[in-house]
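Some structures to go through are shown next.
The following pair of complexes shares a single chain, chain A, combined with chain B in the former and chain C in the latter.
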Partner chain A sequence: MDKMYRKAVISRGLEYALTFFIILTINFFLPRVMPGGPLLSIFGSQNSDLPVVIDEATKHRLMDYYHLNDPLYVQFINYLIDTAHLNFGYSIYYNIPVLDIIAGRLPWTILLMGSALLISTALGIFLGLESSWRRGKALDRALLIIIPSLKSIPVFFLGSLMIFIFGFRLGIFPVSGGMTPYATYSSPLAMAIDVASHMALPLACLIIFEIAGSYLLVRNVCVQQMEKPYVTMAFARGLKDRSIKGHVLKNSMAPVVNQVAAMLSFLVGGAIFIETVFAYPGMGLLIYNSFMERDYPVLQAAFIVMSLCVLACNYAADIICAYIDGRTRQW
Partner chain B sequence: MHRRSIAQKLLSSPQGAIGLAILAFFIIMALAAPLIAPYDPHDMSADPLQRPSAAHLLGTDDVGKDIFTVVVYGSRTSLIVALAVSTSVLAIGTAVGVFSGYVGGAIDRVFMRGVDIFLMVPDLPLILILAAYMRPSIWNVVFILALLGWPVSARLSRAQAISLKAAGHVDFARVSGGTGLYVIRKHIIPDLYPVMATTVVMQSIRAILSESGLAFLGLGDPSFPSWGTTIKYAIGYPSIFFTDAWMWWLLPPGACISLLVLSFVLIGQSLEGDE
Partner chain C sequence: MVNYEKATSILLAIIMIFSFSFTPAIAESSKKVWISSWGASGGDWGFPSPFAFYPRGPGYTMMSFCFDTLVWPNQTGDIIGLLAKSWESTPDGLTWTFHLRDNVKWHDGTPFKASDVIFTYNYIKDKSAVAPVGAGWYDTSVIKSITAKDDYTVTIVLTKPYAPFISQVAAVVPIVPEHIWKNVSEPAKFTDKMAAIGTGPFILEDYSPDQQSYKYAANKDYYLGKPAIDTLMFVKSADPVISLKKGDINEAGLTYDQVLALNDTGNIKVVSGDGYWVYRLRFNLPNNTILNDTNVRKAIYYALNCDDIQNKVLHGGGIPGNPGYVPPYSEWYNPNVTQYPYDPAKANQMLDAAGYGKRDADGIRLTPDGKRLEFQLLYTSDSQTQRIAELIQSYLKAVGIGITFKPGDMKTVDGLVGAGNFEMAIYSHGTSTDPARMLNGFPASTGWNDSQFNALAKQQVSAVDEKERKALVDRMQELIADNVPTIPLLYKNVYTAFNKNKFDGFFFTPGGIGGGVPTEYNKLVFVYGTWKEATTSPSTDGVPFLAGLAALGIAASAVLFWGNRKK
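Moving on to the complex of A and B:
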């Protein structure tokens, strides 16, 4: 059994590695197949706001400088080697290594998205379980209409409303940034409070954005579990509600962990909007800014890093699932 | 028979009826836009930043556009994108899914592996990369959304095709000498109508939210007025929150997006029925 488990973990890992390789390949070929060629994408197009005029000699020198005259396979191998060394080149806009920029932004996004994922999942589990417990009753029916409706509010509009209500009208929370600029903190606690208060509104938006998915999933899985004979048996034996819920929840955990990880790629999209609206200094805002500045090296490196994070979390979820649910260990 | 059962489901539940009513409201708004809106959506001749009045029901924005007109025309953009994306996703996804599920074997495994890879990629960053190389055009947005959307639909219709393949009537048709295409057309596609309806609803939601979101991020097509663009300019205006302007500049386009998406969410709920 354990040997099979190990084998399955390795073969799953290879599948994710293949997926990542394909993402890298797409990322490599995109600028090269786009009209105008790779140089155009670095220096902007002739019909953009700031047309760049390059004479032939300069163009050739630049092509040489970026090794764009090498055969495609040599370029591709060099690209893979560079990526493996986390060498993403220089930002066109900031003129510093892309890696430095990303290293400064990634912790903020991990903090924001990680908290959003944890809280919305916990809420989703709580509400989903209670809802399936009272299936068909008033509470269940109300939740079943209200929570999925939350996703009809576009997340950037929700963010704008939050800024207006809690930032301007009530003045409870700061509306932009990750922490107060130029602040000196008397203690680590003061700093934590400042960071948390800046995170409150974006976090609330992301939780609302995410909750429908985890709630519906948990409710559906639990509803299926409630129909199983062991639940009937538990009721017949007169077990306390709390311990029956515990059993149901335990048996529902595997798909929940899996699906929560699968929703991560969706959450990345939400983070781009939310970080843009709140000027939160994470990867989402970086992706938006580098898109606006057409800072292609940063944009593409950010995409690679976010994809890697999503894949890694999915892989981790697969391993955890296999661990908590022996039946899926064989895959 | 299947068509009628979908329509019956929709009309018999309160959610479905409300959803259809809201959707009908927006479709009429889009079709009759030139009759409802008093100005041309690209007309910037009014005085900027006016309060709502009889001449300008929702006031004017910072460049002198009538906000009411822009909001009315915005319904066209949203519905066009929803229609184009959901039909193309439906066509590609159903074709790939049914083919993959019906043929099975190695082809099926390769196809589904590809679908899994597509599903794992965070799509908004990829959309922004693609958009950074493309011209801001509504058809590019449709193209990108369809390109990244079909795998979900393929998964759904494949699962359904596989379970149908094992069903008695499909087996019977095949044993009686029906060719693959004939069996798929006569016996598998009709049974896929409920899955297809769900796909259209889900993709419409995704398309409307993505279109307005991309417009909000500055990817809007200048020749198609979009609710997302209106929100972008509204919150980009420095003193929007210090005056009452948010009520007629920010709220109406946001409410329109939310209501239109809500109509599809309600329709989707009534299609799924009470689980």
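Moving on to the complex of A and C:
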């Protein structure tokens, strides 16, 4: 590891830290400027007739209880201190520590999104390379039409369609949840298969949603590489197709690594829709429900955790890129 | 160089061996297991303790399986004794004496006594700010004192005569065990398994906020008799119609559109109930001078065809609104109030008379100072409310009133209306069933402050004589119909669909449970219902086969890929 590399890693790290602080700040103020407060969830809307017997004194006690009467800057400082201690407080809706809720949900999302990212990237690389290899041929043209048009299907529509076809008409996949509730499994493998089958439809949706990005990128970068003299040289030397492909792919990897990390943030958006459609017990569904209930502590913690994941992946991608491609070290 | 063909064939072999040796997931065999679902709207209603449940009807319902009240409504809506076997009051309605059952045990085996009742009422009052049951579920201020004469007799003294005491307090307050709660200072955060110990027909086995599911086991020693099912589960379903058809769930609460989509497959029975759920048009009465004119609101009422709105929005799954606000199926309904049948000619005439006779080129009326008679309509952006908003727009356009749309999510709408930052809004919510809550909230829920109405409201809660109270409530409905503070557009019915060959006995409690929650999950359903199936057959689905197939497919494509590379 040379000096420049280390310096680059550190300065990039500082940039990400600053970004993270800005996110923390926005994260604090954004829910507070939206109409509708968290107390609506507790004593209901004053416009519904059901829970109405709440007086001003009780309301004030509740506001005190949640420290919502403190000045905004005090709330902000408390928020920063608590965040540093990973203390995200209690959920207003669930009445349990926010960290527990997130610890229960995050693995599901990592499983779903991680698999989606891996498979869609692998498929994208494979198809992109084959497509560029056969540039202008029937396969290339077909893929160029099919893959981007798949991307243009709204992801929640795709989800509903899959539920109808594979879940209902064919009846081969479960349509909601992450696993069969309260099932007893004969072996860990039985459990794995149950989880996998519940994941199949949302995973397929996310892969279809994501594949276009890596496919188009890999195809374009590879097409550029194919025109380089070293490829012509390789052909002239009579190298096997497979080893030429290997060289082309290796030289195209740097932007792909960055793209994968960048895609993660889009995937988070897609996951909210997909998890809601399939009632998948991940972070997306949690964010959606918490937003509907204005559950500030959960919302804030969820956004912090998700943005931390996205930032960490991007940082990792930068480091990997700097490692595989020396030119990118000069930030 | 790795030998890919060898590697893939080994991989394939391993996958195949595993998929054959695989035994499917079995729900739970040879037990009476019932799986219900709240449907797509939600599944997690919080931890089912009286101090932690999510303060809406479903949250209360989930809690009521574990915790009993002194009294409870049955299938016909009559109040029967649960923890109390009988009760009486003094003629002034101020002192109530409850005679408790002496054979009741908490789920942990400790005997239930009068001290638990006294502890509960005092504890809830003390923690009212943070306990869902205290914060709005019943009026804690009506209770002056609560004492025990002996271990099985409790006397409650009220601060004032309170007509709905039995149905809105005694049938609502869940009794908790003193020995568990006496040292709990933060009840909302106490979500240990102990926190769900009650006297109810079901014992909480698991609550999972992650999977949004609940699992209860029958309380075999329940004093009304052993429940008809052994295990009760509530699971989340993204699409209850599909889940019902597939048999993944046995029962779900549905909308009428879902009932139509279900298109009964033979073993499914559908039961409907009074929804006590209203869609109404709300006006910003104090702040909007035009809408503050009663004649304008009446004209708007004449311009709307509520029957048609019901047909186009609920497709028959409800009934049109009633000017007196109390839905016709309620025992408090007064049919003899001013009616506003669909009459656009009359609406036009009234608007002309109110000073909005001039119209602009679009046909929209003009105010005397030349502005367009146009209002912003705030509503929640779900499909049904959206449809209602569109219909209102077209009906009002026909009489020269312009409507612009402002959709938002529920909390945004609540927030804007709460801040008085709107002109007209479409609201949908439970109406509650007792006039104490159905009507007395009107000043807050409509912005209409009528001294005569408010006086009647105060009088009727204290009227212990049923007939006297009915007369007062009738008069309140007349006032509502005469003043049109809000326009009830339609009432939505509730439906449940369930597998009748497995279990039968669902009903909707007239007047609801917990003081007015319209639900099919009155716990008595599971105590007195009939199990129809001998045992649960292990449910196997096509999953393992398919997973194996998918694995084969992946393996095959891997072979192709690597094979291709070798050439």
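Please note the rule applied: the second predicted complex is superposed on the first by the 284 of 331 C-alpha atoms of A that agree within 3 Å, B and C clash if a C-alpha of one lies under 4 Å from a C-alpha of the other, contacts with A are read in each partner's own complex, and residues count from 1 in each chain.
In this section, contacts are C-beta pairs under 8 Å (C-beta built on N, C-alpha and C of every residue); 3 or more make two chains touch, one makes a residue touch a chain.
Predicted model, so just to flag it, every value in this text is computed and none were measured.
Participant: Check the contacts made with chain A and report whether chain B or chain C touches more of its residues.
Facilitator: The partner that reaches more residues of chain A in the superposed model: C.
Participant: Using the touch definition from the top, say if A:W133 reaches chain B (first), chain C (second), both or neither.
Facilitator: After superposing on A, A:W133 lies clear of both chain B and chain C.
Participant: With the two structures laid over each other on chain A, which partner does A:F88 touch: chain B (first), chain C (second), both, or neither?
Facilitator: Neither: A:F88 stays clear of chain B and chain C.
Participant: Identify the partner contact of A:I193: answer first if only chain B is touched, second if only chain C is, both if each is, neither if none is.
Facilitator: Second partner only, chain C.
Participant: Quick one: is A:F209 in contact with chain B, with chain C, with both, or with neither? Answer first, second, both or neither.
Facilitator: neither
Participant: Let me test your reading of the model: by the given contact rule, A:S307 touches which partner, first (chain B), second (chain C), both or neither?
Facilitator: First partner only.
Participant: Between chain B and chain C, whom does A:Y315 touch in the aligned arrangement: first, second, both, or neither?
Facilitator: Neither: A:Y315 stays clear of chain B and chain C.
Participant: Have a look at where A:F273 lands relative to chain B and chain C in the superposition and call it first, second, both or neither.
Facilitator: first
Participant: For A:Y182, using the defined touch cut-off, is the partner it touches chain B, chain C, both, or neither? Pick first, second, both or neither.
Facilitator: In the superposition, A:Y182 touches chain C alone.
Participant: Determine, under the contact definition given at the top, whether A:I23 touches first (chain B), second (chain C), both, or neither.
Facilitator: So A:I23 only meets chain B here.
Participant: I'd like to check the shared interface: which positions of chain A are touched by both chain B and chain C across the two complexes?
Facilitator: Residues 34-35, 41, 163-164, 167-168, 277, 291-292, 294, which sit in both footprints.
Participant: Which bits of chain A are touching chain C when the two form their complex?
Facilitator: Against chain C, the touching part of chain A is residues 34-37, 40-54, 58, 61-62, 65, 90, 93-96, 101, 104-105, 108, 126, 163-164, 167-168, 171-187, 189-191, 193-194, 196-197, 200, 241-242, 245, 277-279, 281, 289, 291-294.
Participant: Considering the complex alone, what residue numbers of chain B touch chain A?
Facilitator: Residues of chain B touching chain A: 15, 113, 116-117, 119-126, 128-134, 205, 209, 212-213, 216-218, 228, 231, 234-235, 241-242, 246, 250, 254, 257-259, 261-262, 264-266, 269, 274-275.
Participant: What part of chain C is in contact with chain A in the complex they form?
Facilitator: Listed in rising order, the residues are 18, 22-28, 35, 40, 42-44, 46-47, 52, 54-57, 128-130, 132, 135-141, 188-189, 191, 206, 208-213, 215, 233, 235-239, 242-243, 245-246, 248, 282, 408-419, 421, 427, 429-432, 437-438, 441, 444-445, 516, 541-544, 546-547, 550, 561, 565-567.
Participant: Which of the residues in chain A come into contact with chain B in the complex?
Facilitator: The touching residues are 15, 18-19, 22-23, 26-27, 30-31, 34-35, 41, 136, 144-145, 148-149, 151-157, 160-161, 163-164, 167-168, 220, 223, 262, 264-265, 268-269, 272-273, 276-277, 287-288, 291-292, 294, 296, 299-300, 302-303, 306-307, 310-311, 314.
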